[in-house]
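Common to both upcoming complexes is chain A, partnered first by chain B, then by chain C.
On to the complex of A and B.
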């Protein structure tokens, strides 16, 4: 079967030239936020929003790729924590250690992704339960390794501190990293053969298999990408703080999943665009930021996120059934 | 292999674990056995609900937070009378189940994601309403229900056994049970055969949440406190027990009796680890590894059968 036929179906959903509805939502949310709080547009707050959005956003990009392949990755929150703890425990106080404190967490994140991928894409395990199991395993493993205690570091190199603290073209470094990875993910998904294969796998596994796509290899790589992205996020968290409470770095997978779904990634796979996830992560970060500015507690923000996820899923599933 | 042998030695290896347990000092102490009974009882109620949902090819990740919601509701209403406390908590559970059922059966959202969204929403909601503080209220009768024993058997265990027996009988002898198995193995066929698929589905989610709420009330009764943070790991422990007991993530299979054996395995494992003073982190690792192993087996079995 020629791949051209395989991709005719809903090509327009994947093309870059159509603006996703999420960008309109983002514009509306921006206007609403400006009207609701006069502190929202202050430079400090904007930088804060971008910073927060970037760290969750990197996780969300990986989640989007995995969703497109037809699976879920709920282990990413624990990978962020693992990478952050590793970075801090290694203690990037010399140039050599700085390299180790960046490379090792990345490798560990990729390794977790590899295991997830082999278990899910290779052994056909349910991805939600398998990656939740992985989350338990990592969370328990990291806490056991550090004895449940806080970890701290001193005298980090300038370079390591600049990962989160520096800026480029007036943008905070994490935002630059986030945008870079977003472009990378978009190019990977829209312009490469690998991306087409992943859309094909998520759209119809059986058709993809018959078209000769290597399901296990390509599916596993999506998880490796997701694990690596989460590890990058963890390193940025580590660079931001000297002192880290491991249990405090948890739950990144939820806003990441919410953003990917809000951006239009289908739970059943085959549909989704990394750049729409960028808009969605901004929407979520702005909503929670305005709630914080208005003095609403974190618990109410959790409630809002759950509501957004349920509403986004309901909306997208409804529209897909209509069309 | 004879089924009973298989059930006790292979899937799950309950008997070997029991032999190991008998060598652990303190395992046969009355206090530990009552403690084990109490723990297993609460999970037993929850797992029974989850198995019913899994038979109907669904899932519910929001079980644990429903326990928290029910516990807090019960303890908030308890000063106004126990009947009100129980009714309020179970109603709150039913409302959560109805919402799950609406998202899953009417809006046709993937059950994992629908209940995951519910989980986060409810956790945020209950933390907000309680201002993250537990609600304490001591009532002698409630406390007696939660921690008392009759002839050495914990009352909660008796409640759990009653629940399990009722659901077991309903699943095996009533048309409702056959309908659920039919729905779980092939939803389209079930609909074409004239089953009211939506109503059945909403029903199982309401039942599951009401049972979780009952477990939540009993837990709150035991410690005279309704805490908004309980149940974080409940859904996955329950899933492990149900999968061990022969339920699958694709539906149409599973039984209360199987889940009970699976639950005993998980309960014994946790109990032995507690007795050996293994820190909670390692227990998390063990549960995570067990879950991954179970879903891998679940996937392999599905492939061998060509489904």
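On to the complex of A and C.
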């Protein structure tokens, strides 16, 4: 009898595990937001919420994959900035330049990820330090390259402008890209051998080694993915503006990390799901959106984000210890 | 009948330290051989040579009569020698089926995991060893030591282990689970596997093993059928045994 009850509890917990508690939080936040502001549910505002979440959300997806592998990628904020500056400096004013302004930042982002991955997975460097070092390197390098000045462009092609300004099925293009990448990341992590191996590496690197998993190759690819995703965000930023202050496009890595952790990704690796990160991005964006609608100052929004992160870490650690 | 494993005159030096000084060991199909000795006797060095972690400094290994050379654990596995490590080497965040197929996943033509098929195969293989094991989709961190062991052993058996090396299989288990592992080992022996059991627990050894081989200071100091000796005699060998001449082929 007692075991039957125990198993029931077990099953309920497992079902909760499968859904991800963040989706319940998202539902609650949606209800609260609707009650708190009658403007929240207006189509314009919903689209606005999604739009705001998309750019940092793309970075957060890459962060989630790296966290699953058991590491951090703090260079992603600098990669966003680097990619945005590259796109604008190339100046996508002709079809040819447009292609270059998209491909080159993507390759650069992937290359940064490759270096991060080889240093962390290959040389076994601590990922926090290694990717923080990469962040400084990129910031310094890009600022030196543009002489610390703002960069600007003109006469962008329709196509380039549409990357951020266009829409598909009524959704802004960055949202479409974000959701597309989220599905891609979810399929990769849950349905492929690569994803399975990355979970194993993040969960128990010794077990993975004895199972014959290629630790360096698979671990490095997680960083390549993260760098490429960050570069995509950077290109979307570039498409939105004509004129960019490089130092103004900074600090995407911490909101991305916040979202990944809120979604349930473990800082110790092996646990996390891309789609839960999407839900977490929505929670954070809705909370700040409602605070804006209510006329609360930016400082209190930061405070709320900090509170959310602390609560999320405390909750997940509690549950992991309990089980 | 030809032994499954014949190790002859195996020596291993680490720098100037002679960890193994030329020992013999045979394992036959359908036999449980227990390797006994105090810490530093050379048991775990021999185990690691047979599982491909170390190459021997001297000596030969024959598997079913053919000479074998293991440069890595993968080579040993390819020769159907599977090792159940004391730590079991399972990823706690994956479920039983995930661990069962880790590194040998089944995929469809598009490269996607065949999850249901892997779950069914793992469930059947594990269930055969441990009928109480029901849910292969529970993350391993929620499972008991005995259930984890069932996964590790079922995995080895499923991937065609002929020789199973078990390093202190009961070290992390409670009494009930130890009994389960004992049943498991007996069943595997009936299926014709050769099992090398490394254990400190003489009780367990006498309950499970057909033969004991005793090491002391890197040498083999004795061997006997468990049916023809007793714990006191074996203890005596472990403490004060004198190296026996290398002649396993002729004797036990």
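Please note the rule applied: the second predicted complex is superposed on the first by the 306 of 323 C-alpha atoms of A that agree within 3 Å, B and C clash if a C-alpha of one lies under 4 Å from a C-alpha of the other, contacts with A are read in each partner's own complex, and residues count from 1 in each chain.
The rule we apply is simple: contacts are C-beta pairs under 8 Å (C-beta built on N, C-alpha and C of every residue); 3 or more make two chains touch, one makes a residue touch a chain.
Model, not experiment: these values are computed from the prediction.
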Clash or fit: what happens to chain B and chain C when chain A is overlaid? fit
Would you check which partner chain A:44 touches, where first means chain B only, second means chain C only, and both and neither mean what they say? neither
Touched partner set for A:207, first chain B, second chain C, both or neither: second
Contacts of A:321 with chain B and chain C, given as first, second, both or neither: first
Of the partners chain B and chain C, which touch A:271 in the superposed model: first, second, both, neither? second
Would you sort A:154 into first (chain B), second (chain C), both or neither based on which partner it touches? neither
In the superposed model, does chain B or chain C contact more residues of chain A? B
Considering only the touch criterion stated at the top, classify A:299 as touching first (chain B), second (chain C), both, or neither. first
If you stack the two complexes on chain A, which partner ends up touching A:139: first (chain B), second (chain C), both, or neither? first
Quick check for you: in the superposed arrangement, does A:191 touch first (chain B), second (chain C), both or neither? second
Rounded to a whole Å, what is the shortest Cα gap between chain B and chain C in the overlaid structures? 16
What part of chain C is in contact with chain A in the complex they form? 73-74, 85, 87, 89-94, 98-99, 102-105, 107, 111-113, 115, 137-138, 141-142
Per the touch rule, the chain B residues reaching chain A in their complex are 103, 107-110, 112-114, 116-125, 127-128, 131-132, 233, 236, 239, 249, 279-292, 294-296, 298-300, 302-303
For a test of understanding, state which residues of chain A touch chain B in their complex under the given definition. 72, 119, 123-126, 128-130, 132-141, 143-144, 148, 254, 257, 261, 267-268, 297-307, 309-310, 313-314, 317-318, 321
In their complex, what parts of chain A are in touch with chain C? 10, 14, 191-193, 196-197, 199-200, 202-204, 206-208, 210-213, 270-271, 323
